[in-house]
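Two complexes follow with chain A in common, the first pairing it with chain B and the second with chain C.
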Partner chain A sequence: MDLENQARVKELAEKYGAENVVVVIGGAEAEASGLTAETVTAGDPTYAGPLAGVQLGLSVWHIVEDDIKAEIDPAVYEDQVSMMEMVLDVDAIKEEVSTIREQYSKY
Partner chain B sequence: MTRKIRVVHYLNQFFGQIGGEDKAGMRPMDKAGHVGPGMAFASALGDQAEIVGTVICGDTYFGENMETATAEVVDLIVKYEPDLVIAGPAFNAGRYGTACGAVCAAVAEKLQIPVVTGMYRENPGVDMFRKRIHIVETEGSAAGMRRAVPKMAKLALKLAKGEPTDSAADGYLTRGIRKNYFAEERGSARAVEMLVRKLGEQEFATEYPMPQFDRVDPNPAIRDMSKAKIALVTSGGIVPKGNPDHIESSSASKYGKYDLEGVDALTAESHQTAHGGYDPVYANESPDRVLPVDVMRDLEREGSIGELYRYYYATVGNGTSVANAKKYAAAIAKELVEAEVQGVILTST
Partner chain C sequence: MDFAVVRGVSYALVHAPSLLVHMGTTQTVEREINPDSEYLNQFQKHLRSYQECVAYPTNQVYIGNMTPVQLAAVDRPWFERPVADASRYGKWGEVMPEDEFYGLMRIADSFNLVALEESFAKEIAARLAESPIWNDSDAARLGDGMPAAEVQAILDGGRAEPLYAGDRLVGCVKAAHERDRALTAHVMVENLSTKASGVLALRHLIKLNGLDAGEIDYIIECSEESCGDMNQRGGGNFAKAIGEMAGCKSATGSDVRGFCAAPAHAMVYAASLVQSGVFRNVVVVAGGATAKLGMNGRDHVKKGLPLLEDVLGAFAILVSANDGVNPVVRTDAVGRHTIGSGSSPQAVMTAIVLDPLERVGLKLAEVDKYSPEMQNPEITEPAGAGDVPKANFKMIAALAVKRGEIARTDIDSFVAEHGLPGFAPTQGHVPSGVPSIGYFRDEMLAGRMRRAQIIGKGSLFLGRMTNLFDGVSFLFEKNEGKKDEEKEDKRAEAGEPESRGELRKIMADALREVAQSLVKE
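Showing the complex of A and B:
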């Protein structure tokens, strides 16, 4: 996760309170999505950005996870996400992101 | 209580939390205490050692001024009176790996204290410095930070305390130093044992690994350049504007073949670089700087070469594995031979 985005997430969490922020990831593969999820929960695993050592514990989900999908107008989802859903390894992404969430999310 | 081991940590601009490629030209600076990955090292080193200072330098500045930059960095390191210097880890970042290696080698030589860095096996810094310093083998990307730090910290503490180390057990790349020891069995018995295992298709460990030389015999000279068909091939990422094949800015998974028919020179409107490992401003301004189509056309007109081959090939060399690069090269070379190209000009960044 790049430095600017880490700074943005940190700022939003401080402004609105970590309990009021939900991060939805759109990453195209499991490892990268897992790293993003880890960054906004347990802190930046690469120790390069503003979230190094900062454990925000945010609620983090991937757009292809069922709970998030259920929240979205099916027509919009069909239009914006379904195409990618067909080509991505959805099961691996779900597994990776949910594992990180269960381990580190505080909210 | 014994005194804590004083550690200085070297980082590039990115891990030093100064910024990305736009800050890569920064001169060396120092900060008291730990920065970025230093936080992970601080916890891995525990209470036996303390990171007293961090020295940060931009990768481009270091790469372009290697001698002066090394001296400047060492001067900043000396201020903290360290017992140990840790650099990186640099993973597969070439300029960063080279900088980490150069800093460690200079510190080891001038201050005579232990140094440790970490790199991916294919990092160019490995071959340059492995004989002079301890380089812990890491994964290719920063995603491996969590696994790299404890290994580096453990080795660093051992070296600082003067304890014996072993490349296999401590996870560092062999340095080509032979140590004498008394073996239980004599050489002939060990060799036969090894041969029996080999014949039985079982695993065995050689006692004397042979270096692998990647020597390429040069082609015979081209006799008459004025009749030769010459092609351009680049790892500098020059692609038609918009990067139609989506060649990745790092760890490219493919190469592209592009038409130069009727193209007299590359412009900011027609081409760009897809490369993510150098400042793209000058390459985007005039892509001829990386892929010199303009000069090749001049040579063609004045008859110095027969012709410029109609197509050029491009990929991004940034972080691309040697195995993939060999694969692309073999495929490109096959097509060039079929097209009766006699000479190739390879340009990088």
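Showing the complex of A and C:
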């Protein structure tokens, strides 16, 4: 995960409280999405960024997961995400991100 | 509308393993923050030899010795399938070895910043003199070099970057100013590499297409570096600097920047300048980026792969007035990602790919081939970025599903029919659309292809000025012949007087008479 984004997530979690922050990932690939989810929950696995060793335990989801999809106006989802739903390996992404969430999310 | 045509192309690579070691940002940053890292201990064992780099199938495709379609038939991993009869030179250019490239950097250096060790300079002069792009004035510019002790003394002064050929110190590049951070030795290596590789591509373009360099009247440079000083960091102008080294005495020019989308923007500018009649022959040229050498090296080393990002990429494309033969750049079907388009992939692809087709009444399936970001997947997949061109083709197929052109079950067959394997080095601007233009042009001239869409996309957030995405596209199409010429031909066949030619002759005679009478007066 981009070091700049790690810094932003850390700052937002400190400002609003980790329990009030939800991270929605838009990654195109399961492994990369899983790494992002891991970074904002268990800490940066590459130990390169501001979240190295920082276990924020944030609530983290991917935009293609059903619970998040249900929160979004279907017309907007159709307009912005439906094309990518056809392109991405949605099942692999759901599996990867939910596994990390169940393991490390505290909220 | 008389569209401009693509009259010629050139594509060149420079094998740059030592520049990868000393200039690639993945390596320089690692040395700065983690000098004893496992990666730094290991990575040089993963460098490829020049022969391996030349024989790498994607590199042979880039310089025109293989087609992308032939590449698709080669099993992966490609780095384990060297091309048996691989050649340094291709239909569109070459893969230049690093040591000769240092010579070219010295030739392209106008401020005596590149210092080469004398025995090395001698060796390189002999080899470069055999090159098809060697100019008579190059020997004087290359010079005799200097003793090794002098090169060392410059380096000891602390304001120079070393140039290595493997373990051998062969020269250095000096800082161009005492304090200016825009002119440090590091920046000068970057910029001279961009300039010299741009010169390599432009000289090949001129040579391979039998052009008179004086015909070129405008140059648009669209690489990813910027040259300037501390008072104007991106002042420019690579375009004229490159043109000067290729003998383009009649040309002026300027630089266009837009991250990876810049070449597609530059092609639209070039086509517009020619179509409007402002200039007749416009060259779009770009050199390579040393910073990106070995960019994904950590992942490649971790996965036991060679360091595949060991080349600088360059290209040059000549856009000229319609000759009725060469494929045209359709400026009536330019796709643009506007400020209001939105940044979701769907919004981006709709704006760049679909909207321009709808504007001219075409369906997605009526474009034979798409050329989006053509990165070599063998480089990007180990780094977690997936197969970038394939992802783009799938997105285009998904748009076709949404429009009811194809069934959802046909996505894979659409991708196979309208896509190509990625074969471009990850040199930022280089993969974005333009590497396929040479192949498409050949196919169109041979009558095997009608229409392609060239797509450039750019990640503007990297510059931290905006979160907007960017992209631009254009249709590249077989030339159907000039309409008025066809009419003339038919008229001639029917034995009618050639009205247009005759009119021109009458006008020319009249003007000549007027001119002569003025001279007499």
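In this text, the second predicted complex is superposed on the first by the 107 of 107 C-alpha atoms of A that agree within 3 Å, B and C clash if a C-alpha of one lies under 4 Å from a C-alpha of the other, contacts with A are read in each partner's own complex, and residues count from 1 in each chain.
Rule of thumb we're sticking to: contacts are C-beta pairs under 8 Å (C-beta built on N, C-alpha and C of every residue); 3 or more make two chains touch, one makes a residue touch a chain.
Keep in mind it's a predicted model, so treat the numbers as computed, not measured.
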Which superposed partner A:L35 touches (first chain B, second chain C, both, neither): both
Partner chain in contact with A:S82 - chain B first, chain C second, else both or neither: second
Touching partner for A:L3 - first (chain B), second (chain C), both, neither: first
Where chain A meets both chain C and chain B, residue numbers: 31, 35
Touching residues on chain A, where the partner in the complex is chain C: 28-29, 31-32, 35, 79-84, 86-87
Chain A partner contacts - residues on chain B that touch it in the complex: 14-15, 17, 19-20, 36-40, 142-143, 145-146
Interface residues, chain A side, partner chain B - complex: 2-3, 31, 35, 45-50, 52-53
Touching residues (chain side chain C, partner chain A) in the complex: 342, 344-347, 349, 384-386, 391, 394-395, 397-399, 401-402, 408, 411
